[in-house]
Structures are given as structure tokens and as C-alpha cells.
Amino acid sequence: MAEVVLKSVEKQYPNGFKAVHGIDLEIKDGEFMVFVGPSGCAKSTTLRMVAGLEDITGGEIWIGDKCVNEVQPKDRGIAMVFQNYALYPHMTAYNNMAFGLQMSKTPKNIIDQRVREAAKHLEIEDLLDRKPKEMSGGQRQRVALGRALVRKPDVFLFDEPLSNLDAKLRVSMRVRIQELHEMLKAEGVPATMIYVTHDQVEAMTMGDRITVLNAGRIMQVDTPMNLYRKPENLFVAGFIGAPSMNLVDGEIVEMGGKVFVSIPGGVLPLPEEKAEKVRSHVGKKIKFGLRPEDIIANEVHEGGEGFVTGSVRVVEQMGNEEFIYFNAAGTQFIARVNPEQVKNIRKGEDYRFWFNLAKCHMFDLETEENLTL
Amino acid sequence: MKGKKYEGLLYITPWLIGLVVFTAFPFFASLFFSFTDYNLMSSPNFVGIDNYKTMFQTELFWKSFGITMSYVFITVPMKLAFALFIAYILNFKLKAVNFFRTAYYMPSILGGSVAVAVLWRFLFADTGLVNMILALFGVDSISWLGNPDYAIFTISLLRVWQFGSPMVIFLAALKNVPESLYEAARIDGASKVKTFIRVTLPMITPVLFFNFIMQLVQAFQEFNGPYIITGGGPLNSTYLFPLYIYDNAFRYFRMGYSSALSWFLFVVIMVFTLLAFKSEKHWVHYTEVE
Amino acid sequence: NKGGTDVGGGEGGEVKLRFSWWGGDERHEATLAAIRLFEDKNPGIKIEAEYGGWQGHQEKVTSQMVGNTAPDVLQVNWNWLYIFSKDGNGFYDLSTLTDHINLDNYDPALMDQTTINGKINGIPVGVTGKVFYFNKTAYDAAGASIPTTFDELYKAAELFKTNLGNDYYPMDLDQYAAFLMSMYYLEQKHGKPFINEENVINYSLGELEEGFDFYLDLVDKGVVPSMETRGAAGNVPMDQTPSWIQGKYGATYEWDSAVAKFQAALEGDQELVTGDYLTGIGNNESALAKISMVYSINKNTKYPVESAKLLEFLVSDPEAVEILGTSRGVPANAAAIEVLEGEGVLAGLNYEGNVKVRGFMGNGISPYFEDSQLQNLYRTVMEELGYGKINAAQAAEKLTSEANRMLAELAK
Amino acid sequence: MNEQDRKKLIAENDLRLRKRLARRNGINSGLRYFVLTFVGLLMLYPLIWLLGASFKSNAEIFTSIGFLPSSFDFSGYVNGWKTSTEYTFTTYFINTFKIVIPKVIVTVISVTLTAYGFARFKIPGKKFLFSILIATLLLPNLVLRIPQYIMFNSFNWLDSYKPLIVPSAFAVDAFFVFMVIQFMRGIPKDLEEAATIDGCNSIQVLTKILMPILKPALISVALFQFMWTMNDFLGPLIYISSVRKYPVSIALKMSMDASALVHWNQVIALSVIALVPSLVVFFLAQRHFVDGITSSGIKG
Amino acid sequence: MAEVVLKSVEKQYPNGFKAVHGIDLEIKDGEFMVFVGPSGCAKSTTLRMVAGLEDITGGEIWIGDKCVNEVQPKDRGIAMVFQNYALYPHMTAYNNMAFGLQMSKTPKNIIDQRVREAAKHLEIEDLLDRKPKEMSGGQRQRVALGRALVRKPDVFLFDEPLSNLDAKLRVSMRVRIQELHEMLKAEGVPATMIYVTHDQVEAMTMGDRITVLNAGRIMQVDTPMNLYRKPENLFVAGFIGAPSMNLVDGEIVEMGGKVFVSIPGGVLPLPEEKAEKVRSHVGKKIKFGLRPEDIIANEVHEGGEGFVTGSVRVVEQMGNEEFIYFNAAGTQFIARVNPEQVKNIRKGEDYRFWFNLAKCHMFDLETEENLTL
């Protein structure tokens, strides 16, 4: 039993800065919880409070059925990957990884076996005799990761554990962590994992749920798909997704019984379903949001319900896709298109961009809440 | 760091000058004296290795040397351990830690003053405090200062008691151990003791090494303690080598012989220091290797 | 070279003299006052006083002698003469300055002691000797009278034990005093000095053994505390030993010039009195006396005449003598004694002792008798003897062989 | 048992646990303070005793281990300060600072430079030079005294503070050099690299980056040099002959003559006063022993 | 003039490890060069050698028209963002950034202006008075970045400068760096930039050219698009692109004059153009490569020229796209699909996956070279 529960947890740093403003969060036993949020939003602080490294200045943290406010880190049953690695500089990679096991008096042969196995998965077998000084950034990060992986705690805390790895390695490490999670579950000793990342792919693929933090407050806790599709507020909408959702000023207008949204570059008819949700806001200003992939750049397009005309400023080619930055009535939009389907878009020229309005979001300007959910 | 060769030389130039101007002459002069019968008043005559021969044939020389060795072996580890232990405790975030640090440094400020001599008498005289306390436990009074077998301990204790400077150095070193390593150790489940042994200690080995060498050197050259408390007695049982050197140099005016003694001690310390430096790579962890 | 000589070269024809001594408060104050008086009386001569405590002074003077930077006028220990001036050339030969220094005021026997190879290396400042001082209060408490013979001392020991307790002794001897006590015994018995003119030990092994046995007997009979008992208090100067301070040790065999601190150390109002030389061993008299210290003049001084003037002023000018009083012990200069006696300042333990010393100066003392190396040997031998590491015969053997070796080396 | 009861129970348990923990912590820290205080008293006792002894009579000084004097008498301080010399202790204190302050300054500078050279640069024959540096520590300096005296005499430096100060400007205190080297070798080079990229030359790297980080070590150097110089007796004694130039350490022993009566209370009173600067300096200096900060700028 | 030229540069570390095996590279004045490669491939080492922080053990480095082998870092005209930040712990963020300018004796008001401007762009205005200790990981990284940005060197060296930032911030920082690059060019003082990143988006969008490194050797230097579309060898093919190209064992076979490639799960007909290139390899084993987006999961699909049948193991939903992991004849493939276009794919079931063979690559097994270029 290692559910992690935060009850109105607060943190004020000695210099007076209040980093966490009362967080309530329940992480279920064996759940894979991802923390995302802008830099400085208190992800690490929260993780470190769960670990017991940071005194909490308000609220309670429960692990299992114990309030751990007063419990030492070593008695909390946790393993952690530090954002700054915190490797022991005087120990080899091997000893860095073995240290925790040695402390728990694990037999030597088991330590050896686990360390070597982890090293194999982390592709650092050749480096086991090296000290941190003699390793590259990514290699150090993998040792830091290995140090946590070899252990079998109730709760894993990962603070951006893959940030310095190349894409390929990152994928395989990600899979490795997920496998571990599955394996432990299968073995009947599920481990709760809390994982901080800035990588949206990681967040979306790994998390059972994702907690979006902003400035020491929780914005939304939900499954990846819900976060993406049903952001509860403007912040989440803007934060999740890369490139991020187009968010422009708009106004709800009613014309002839039909509800439209007026945005820079055009007045677009809202589908019935959306129209219902915002009818109360007719005449009011709102934020209009649409994901880049829901804009289709094509002269004629049967799927779109409305379009704006914009001039293309930049086309970023990503190999498998293209980002088109265009300007409509002084407002910048970004569209994400398949280069195969949308050909011959040239910089500087004007095109019609069709909007898939069934996917659009509209946010109250004051409460910043999503009106279209 | 990259650097042109002369740049480093530039930095040690002051020292090099000092070496040539201030250190070299006295050094070589004393080496030269060790081969003469120099008695300060008349000019030295070369006598070859006579002084060294005499030395090895002198009973007192061997006795003094033996005592010095045991003194070194007793005090160096004890003082280091004590200094480290106290530094470790005083490194915690305690209230009034400034006060405690000052208190613990106190004995070292007192140095070899009258007060220390008098105090040691009170502590270890037959009617002294230590015996009074021992009496509480039914132990017969011990002649700490009068019994040649014990006197060396009282001297050693004085040295251990003045553990302030290594303590301060340890403190400075402990401050440089990154906090994050302690955090990692806490997460790794290491107890305080384990953290100390496996993390703190290795991190401060450069300074531990330094303190070790320094204590070794200073213990070999210890003069003040026995000089002010026992004067070398009883029965020369605290007649440390430097006292022997001092007596010969400034009381008997046998500067030649005394120089020979000094150079003998020099070689002995050198041997130990060399051994220490040889062992260095096995246990001293440097963040920066060259 | 900024030696003593150069410093003397004052501006405007003014002569600058450096004068160094060691001592305590009383001596500093008195000497400084005397110097001011001298400067008043001798315009044109400036005295630079260089003075300090005893500790380290010898090192300082040694360095200065070696470096040729010694002051123009120095106060030195008597036996230093034989260190710094083995051949008599270490200091200015005062016999060339007799126009300014009146040597007639000194006992010729004393002058002999400062003359090396016919050269007068210094003038004696004072005479001092080992004298018995008794703690009258303690003796009274024990019901003993102040002894004049050893038998009475033995008796006192019994009374001390029975009436006061086992840790009470009628006398205290440290290692050196214990050795001197053995010599005292031998001298009284045989009437000869410890070291003869040829710088050889004057006693046979058997004689020495007897002397040492005498000391051991004193310990056995509880007259003096054993080495180990004394040592238990640490390496403490006799006057700072709690037992002395509290009156548990009834007497000391001490230099008359040092008695002040022994008396001052006594707790409460215990009374110290001067005793007679103890007798009862042989037919001879025994005593140990020596010149305490001398004034010498730097052999390189630029101003020998002025230096001599200063010297003479300090030892014989009536006003100066009065100012200085007994800050350097009872003076050796006859004129000075006269002045002081006239003033009535000569009284008290120091003077009483000194009178006894001058009454009988012993059988002569070798300049090497108090050499540090020899002193160390005496102490070591007595300590080993006292701790039972060696017996009296072995002690005699050791003392003789080593002392003769050292003496030979010293006299070379 | 319903959910609410369960929660309540857990909460109660938790409260109890926390109280117990708090109590144990309390005991723990109580014990820690007790031990610290007890041992601390042992360490402080000499000073306390010294303070008391400065009011005692000679006899009481040598027979009583208690620190309370039978009566308080400040004459020790008053007379002691006046001294038996032409000068008061004020002069001697000023003299001491004339030696100590420049000496500490030049020591820190020369030692830091030399250590920097050794710790961070390639120097031809470095190993050999380093061995010499260490070797200069090993010879008992007793026997060096006379040659040194002769040397300083030939420089015409006697009776001035030069022999006491100038050599320190040339890093002759190998002890400190070695110490700073060891500290430097424990500091990661990353910051210095960043500084060179930022355009620092090597001396700027030293002053702007290394020295701030080495502060505790450098303060220790200054502290030790301060105290040792304050206490140094033989050096000034031998080199300085004019009483007017004496530092406190010599002045303290001015009135001590082995054969004469010594007013111990005065001697001790002055010893107490002489301790004050060292104490104050230590107390102030150690405040700079704040947490190490090196690592917070570096990731990995 | 600050072109950076590496001539057979080698680096062997003191412990004997040879990190760089002779690199030849010309970076043009004002060029934006990106270094990518797996963790430990010597990106940082190379950067540090250019900076002069690492002695080079062979070859020459030229900056401008000067061989800088013996030139001190401070005289090379560079600014650098360190992978490990290397912030001055005793200085505030402000001073950390101002330090370099102070060293070059820039007037105080200009320093202040530049630091504040940079801080604004980096969104760390509020933190200028804080010391590194009091900042979050990402905030520290931004200070490290700021430290380089405030300066105007000839060459910028960035070692994973954005790795710890959230996606949104990362995009704006990226734009900021590009703007700086443009601005300097416009000002007539173009700065050469060398930029190490693991973020493929960054690499693809920022670099004029990209250098792919592997184990201390250069694999390919080319424009982003060329790297993606025309990988010269197996390594580059596998490394560039996320998720990476499907690479499976195959064999070229000829049947009735037509050339096929036989891979696990099917024998596929090669289009004429490709067939020509590999005809010489008929009968030989090769590596077959196809990007995930060139696999279309659909029962019937007109675009495909051949298909394999595979059972779906995992479907990863990314919001705007889906990754489908499927297994064909024991070999794992990954397809990247638009969730709108390909609906109702369920885990565990079998589907036909059509391959767009016009886009396929084939690699010689020995030389690992791309045969189809």
C-alpha cells in the first residue's frame, strides 16, 4: 500500500518565497503519475517534499496509511532520481548504483546482479568503473536513473530523469521504466511512480494521469487524453501540446439565430454542440482555442466549417510533418500539416486555412475556464 | 585548466623567492652544522659523520626517539578523531553553535600558556581532579605525573585537548560537501553513521590527508607540552625528541650535534610523510585530478 | 651590520649605549630609575634599556653573541662567562678599564671567578649560596625545634609524621637540591670540592656512593619526600608545590636570592626563618656559594669608557645603589653594601642567608659545576636513584664517567 | 468501521506517533546539548579558572582548582596594565597589531597565489617543487633559528618587525600553502572554466571565483596566522631588542623571573586580556563558516 | 570572420579513453550548426575543445583565420552555455549574467540594460536577485543561457541549453536564439553558433546544417531535410526521427524480372526507382528501413504498394497522432498515424499495414551505407 496523498501541502522557502500554495492530490497505489508544468512551478519542490528532503510548511503528506510529515526520507520507502543527479563524485558508477542496496544490507551477489542488469538496460555497462567526472552528461543522468531503478521502493520519484538523453535512448529508457512499472505490478508489489517531465511525449505516453502545475497550484489532474482533448482551463489548454494550441481573442456573436465566433481574420460558424455551450456568452469576449492539427491549409476543403485567410510567414519542415506559421489580421496562427497532403505552400503567399470547429475550445476571460467542455 | 607553463611559475614565484632567500640558507647551514662540532662560540670544524655516530651510540637518543614514536602514534589518531568528531557535530545546524565552536576552540587559543601548565597540574596531580573522579569509582589514586609509565599520557592528552586547529580545518572542509550528496544519501537509506563513513569522509579526504600530515609533522616536533608540564620527566619519560634537540642546541650549545639530531628527525618524518603520500592515491579522493 | 656597536653611534655627538638585563618587576623598575639618574648625571650618554623576563633570555643573548649584535653592557649569568668566553676573549677585558671601574671593592676570590686567562670578563653583581630556610610555623605545629644538626632533622621527621601526618616532611629536596645535599654531605665529610682544578671529579666512586646513600637514607627516614612522591605533583617549581604552600614541607635548601618567592608563596601567615648550616656529619664545613651574576661589556663596543662608567655607576654610585637596593640580591660590591647597611635596607631572609653565605663560601666552585649539561646529569642520576632504577653504586659510576667526559669536552 | 472512523483512528494514531517522535527528538537534542555543554565546559574551564585566578593570591592560585577567588581584587589588571616598564600594555598591543595585521594580510595573499599555482597549473618540475614545499615543513625549526638570526642580521633587519613579517609575504608558511592546495583540489573546475569563457584571466579566476568559494579555508588561514602570531614569543624575543617595540607576547613574560617573586595574578590577568583579541577574532571569523555553496551552481 | 574549422581533431582523455577519433568539420561564418548524436558520442567534448577548455590531443582547431590550439579560452571570442550550467554559486543571477560583460569592461549602464533585457526574454526578471541555490533547475538553466546571450562573441557554443525547460518555454527560447542569430547577422556581426541538442524538433528547426556524431566520429553533415530524407547510412537513418525509422532485416530477391524486398511478414515489390539502386544486391541480405509515417494502417488503402500483416501490441495516443506498435513475423514495427484518419485500431487484433515503398531505404549490411540514395 503506497498511495501518496497530499493534503493542502504548502511550502514557503526560507527566503520568504512561497513555492507551493496548498496542493491536494491523491496518487493511487501503483499509479503512474506525471507532473508537468512550466519551469519554476514547483514540480521539484513537491517531489522533494514527498521525499522528505524539504520541510513542508503546511499541510500533510501521507504515504500508505501513514502521515510522513515527521518521517525521515530513508524510512519513507522511496527512491528518487534528482534533477541535478547528485551522484557521489568519489564513487564509481557501479558504487553509485549499489550504494542504496548496500545500505539496505542486500546480499552482495544480488546487488551485483541488479546493478549489472540495470547497467545493461541503461547502456552504461562499459562505464561501471568510471567516476562521474569521467562521464558525459547523459551518462551521468543514466547512472542517476540506475541508482533509483535498482531499488525496490514503494514509491519512485523521477525528476526529469531523461532530459539529457537523445531521442532514441529516451524512448528505450521510457519503455524500460514502464516495463519496470508493469513488472512490479505483476509481481504484486506495485510501485507508485511520480514522474516530472517537460517532454510531452513522455507525459502523454507514460502517465496513467497527469498533474498540471502552475505557480505552485494544481491546474488539472486527468488522464493524458482528457488533458489534451478537454483542458479545463486556459492554462492547461495552452500548456499541453506542442506546438501549443492556437489561442486568440474572440467574441461570441449571434446572427440570425446562429452562433458565431468572431476571431481575427474571420467570423466562424460554431457547430450546434459548441454553440449551445457558449450561448450564454453571446456578446462577450472569450479566448478561442484550436489545436494546430485542426487547421487545414488547403484552397478547398470539404471537412472545414469555416476558414480564415492568412499569409504564410514560416514553414517549418519536420520530416514527417510541417508547421505553418501564418498571420491573419495581425494575429499569428500555427497549423500542423502533413506535407504529403498539403503541398506547395510557399512563404509569403496567402491561403485559406480551414478550421475544424468541432474541435475548438472557448474560454471565459475571467475565470479562464473552458466553456466548451 | 589550460595554462601556459610560465603562468603557473609566475604564481609560485613569491614562494620560490622566499625559498631561496629565506629558507635555503638556514636549511643548508643547519645541514652543514650537522657535520661539524659547532658550538656557537667558536667557528665550526668539520667532523664528518661523527655527530651521527655519537647519536646512534647515545642511550638518551634512543630513549627519546622511542618515546617520540609512541607519542606520535598515540596522539595523531586520537587528535584527528576527536577533531573530526567535534567538527562533525558542530557542523549541524544547532542553536548557539557559534558559542560552542568558540568554546571548543578555546583550549587551542590558550596554547602553551602558564594557565595550561597550572591546569594540567590540577587535573593530574596525585590530589588532582582526575584522581578525585577515579576515587568516586573506587580506583586508587594514580601518580599520573610522577609515574614514568603514565606521564606520557598526560602530555598526549594535552595535545588531544588542543584539537582546535584541525577542527576548524575540518569544519571548513565539511562546509564544502555539497548538500545534494546528503540528500542522495538520505534517499539511499543511509544512516547518519553510514552517511558519514561513506559520503562525508571520502569527500573530505583531501583535507583529512592534510590534517594527517600536519598532525604527524607537528607531533614529531612537539615541544611545548612536555616543556611546560613535565620538563621531560619523570625519568625522561616525556623527553620528546625536540626537547632533546633543544637542550643540545640552546642549553648545551652543541649546535653541531643538535643539527644532526634535527636532520635525523627530518629524515624520519620524511619517511612517514612519503609513506603517507604513497598511500594517498588509495584513499584520498580529489574532485580535480591533474 | 646593525650590531651593538653601530647602534651606539648617536647623533650630535650623543653616545647611545645599549644595556640588557633580565628580571622581574622590581628589578625593571629599579634599574630603569637608576638609568634615568645616570643619564641625568651624564648628559651626552643615552641608555637604551633592553630587558625582559627570564624565559628565553638566554636564547636571545646567545643569538646576539653569535650574531655579534650584543648590547654594550650586559647582565649575564656567571657560568655563561665560560660559555661565551671560553678563552677569555668573549667580553671586553675590564682590566684595561680600571680607570673607570674600581675593582678594589670586590673580594679577590670573587674576581678570580670572573677572570678567564687573565682577562677580567665581568664584575660580580652579587653572591648567592644555598641556605636552609625553615618553615617555623610547620615546625612549631610538629612540636619540633629548628634543627641545626642532621640528627635533629631526623628527629623532626619523626615528629612531623606523628604529630602532623605521613605526608608531612621536615624538608623538601628536588632533584638538583638532592644532589647538592649529597655533595653537602660529602664536603662536610671530606672537605673538598666536587670538581677539582683539573676539571675532574674529585671524589672516588666509594665516596660518591656514600653521598648517594645518605640521600636515600633521608628518603627512607621520611626526612624528604621521595622522587615519586614529589613527581606526583608534576614538574612544579618548589615554591609552587601545594605541599610547600600549605606548610607540609618544613624546609628548603635554597639560594638566598630566591627566598622571597618561597616566603611569599606560603599560605596564610606562616613564618619562614633562616637556618644554620646543618652539621653532624664530619668535621669540615660545607656550603655552596657562587657569584650570582655579573655585568660584562661587549667586546666590540664602540664606547668602552662610557660603558665602564655606566657599570661603575650601577654598582657603586650611592644613589644608584640605593635605588637598586637588593633587586639583584645582596650586592657583592663592598661600597654598595656599606651604603645599603647605612640605609638599613639590608634585613630579612635574603640578607640573613647572604650573611651566612659570605661567612663561609665553601671549598670553591668550578665554573663548570653549574653547566647545563652537568646539571642535567645530576638531575638524571638523582632521579634514577630516587626512582630505584639504579643503586647508589651505579649512580656513582654513572655520574663519574659521564661528568668527567663532559668536563673534558667543556674544558677543551 | 466506517470510513470516517477509520480516518479518525488513523489521525489519532498519527498524532500519538508524532508526539512520540517529537519527544524523542526533544530528548535527542536535549542530550546533544547536554553533552555539548558538558564537554564545552571542560574546554572552557581553563579560561574560567584563569579569569578567577586573576583575582587570587599566589598561594591560592597554586592550591585551589576552584575558580572563585576568596576575594576580588582588580589590582592585578590595573598594575599589570601599567607594567613595570616605561610603557603600558597599550603600547604592546599596538605593537602586536603592527605585526599581526600586515602579516595576516601578506600571508593570505602569498599563500593563495602559491597554492593556486600548485593546484591549478602545469609547472615544469612541479612534483619536485611540491616535495620541497613539503620538506620545508619537516625540519624542526629549532636548529634554523641561529642561521636565520645571522641571515636577518646580514639583511640589517634586526630590531624591526621585518623578520617577522616579510618572509610571510613570500609564502614561507608551507603549512598554509599545503592546506589551501588541498582545499582547491576539492573544488570542481567547472566554475573556473565558465569564468575563463566569460573572459577572466587566471588572476581574475582566482579572485572572483576561487577565493569566494574558498572563503572558509582562507579565513582559517587568517585565523591561525593571527593567533599564532599573537602567541609567538620566541620570534619577536630574539629579533626585537627595543622594549618600545615589544609585542604583547613578550610583555606578558616581562615580569617573570625564575628566581624572583612573581605576581601571578598580574601575569594571569594580562594573559586573560591577551586572549581577548584571539577570542573575538575567532568568534567573528567563524560566522563565515556558512554552508558550502559550490555545488549549487553545477548540475551533475 | 569566425568560421570554425576542425582538422582531424582528436581527443584522448587522461584515463586513456579516446573520445574523439579525428573530426574534420567546417562551420561557416555565421552558420547555425547543430550537433546531434547519442549520449556519450563526444558532442560536449568537441564543444569544449572548440572553447579551449579541453586540451586537444591531435589535429587543429581554427577560429576565423587563426589556429587556436594554443589560444586561451578567453581570447577565442566565444560564449558558452555549459551542459551542467556552471553558475557561480556565490553570485546572484544578475551578477552571473553580468560577469562576462564586467570582465570585458562594458560600461555599467549597458551591462544593466543587456542583462535586464535578456532576463525579460528568459522570463527570469523576478529572479535576478536570487542565488543559484534558490532557483529551480529550469531557472538555473535559463540563467546559464542568459550568461551567454548577453555577450556578443564571434562564436556561441550551446550545450543542450534548453533541456530542462518546458515545451512552451523551449519554443520561445528557441525563437529567441534564432532571432539573436538573425539580428546579429543583420547588424553585420554574424555569430557562428554551435548548438548541441537532443531535441529533434530543435535540431530540425534551428540548424542551417546538422552534424550527426557517433562514438567520436562524424556520421553525416547535412541540412535537416536531407538528413531526414536522405540519411547516408544506417546510423543516421536510425538516429534521426522520433519515433525512429523502422529498420528490419531484409533480403533483395528477384522474381520474374521484378525486384522485391523480403522482410519479416511479407515480400514487397520495390518501385522501379528503388529497384534499380539495389539490383546489384539481389540475393543479398540488407537492412530495410521505413519511417513510421510511411506505414498506413488500414484494411484497404490505395496508396500502398505492399503490406505486411501484423498484430497490434500497443497504441500510444499522443493527442494529435497515434503510434501503433505492431508485430509482424516476430519483428516489431511502429506506425505513426492520424487518429482521425485511422480509427478503431484495437490492441491485440491483426491488421494489414500498407507500406509506402517509394519512401523506403535499404542499407548495405557491411558498409551500412544507404543504397537507395
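Which chain is which? They are A, B, C, D and E, in the order written, and residues in each are numbered from 1.
Following the convention adopted for this analysis, a residue touches a chain if its C-beta (ideal position, glycine included) is under 8 Å from a C-beta of that chain, and two chains touch if they have at least 3 such contacts.
Just so we're on the same page, UniProt names per chain: A, E = sn-glycerol-3-phosphate ABC transporter ATP-binding protein UgpC; B = Sugar ABC transporter permease; D = Carbohydrate ABC transporter permease.
Just so we're clear, the structure is a prediction, and the values are computed from it rather than from any experiment.
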Quiz item: In the touch network of chains, how many steps separate subunit B from subunit D on the shortest route?
Solution: 1
Self-check item: Identifier of the chain whose CA centre is least distant from the whole-structure CA centre
Solution: D
Quiz prompt | Most contacted chain pair (by C-beta pair count) | solution = B-D
Quiz item: Counting in whole Å, what is the centre-to-centre distance of subunit C and subunit E, each centre being its mean C-alpha position?
Solution: 93
Quiz item: Using mean CA coordinates as chain centres, what's the subunit A-subunit D distance in Å?
Solution: 54
Quiz item: Approximately how many whole Å separate the CA-defined centres of subunit B and subunit C?
Solution: 37
Quiz prompt | Computed distance of Cα centres, subunit E from subunit B, in Å | solution = 58
Quiz item: So which bits of subunit E are touching at least two other chains?
Solution: 52-53, 72-73, 83-84, 137
Self-check item: subunit B: positions in contact with at least two other chains
Solution: 1, 40, 178, 180-181, 203, 250, 287, 289
Quiz item: Got the subunit D residues that touch at least 2 other chains?
Solution: 62, 145-146, 150, 193, 196, 294-296, 298-300
Self-check item: Residues of subunit E that touch subunit D when the two form their complex
Solution: 51-53, 72-74, 78-80, 82-90, 99-100, 103-104, 131-133, 137, 140, 147
Quiz item: Tell me, which parts of subunit C touch subunit B in their complex?
Solution: 58-59, 62, 65-66, 83-86, 90, 227-236, 242, 372-373, 376, 380, 383-384, 387, 389
Quiz item: In the complex of these two chains, what residues of subunit B are touching subunit D?
Solution: 1, 3, 5, 7-12, 14-19, 21-23, 25-27, 29-30, 33, 40, 89, 94, 98, 100-116, 118-119, 122, 128-129, 161, 165, 168-169, 171-181, 203-204, 206-207, 209-210, 213-214, 217, 221, 223, 242, 245-246, 249-250, 255, 258-259, 262-263, 265-266, 269-270, 273, 277, 286-288, 290
Quiz prompt | Sites on subunit D touched by subunit E in the complex | solution = 190-191, 193-201, 204, 208-209, 212-213, 293-300
Exercise. Using the touch rule from the top, collect the residues of subunit B that touch subunit A in their complex.
Key: 178, 180-181, 183-191, 194, 198-199, 202-203, 205, 285, 287, 289
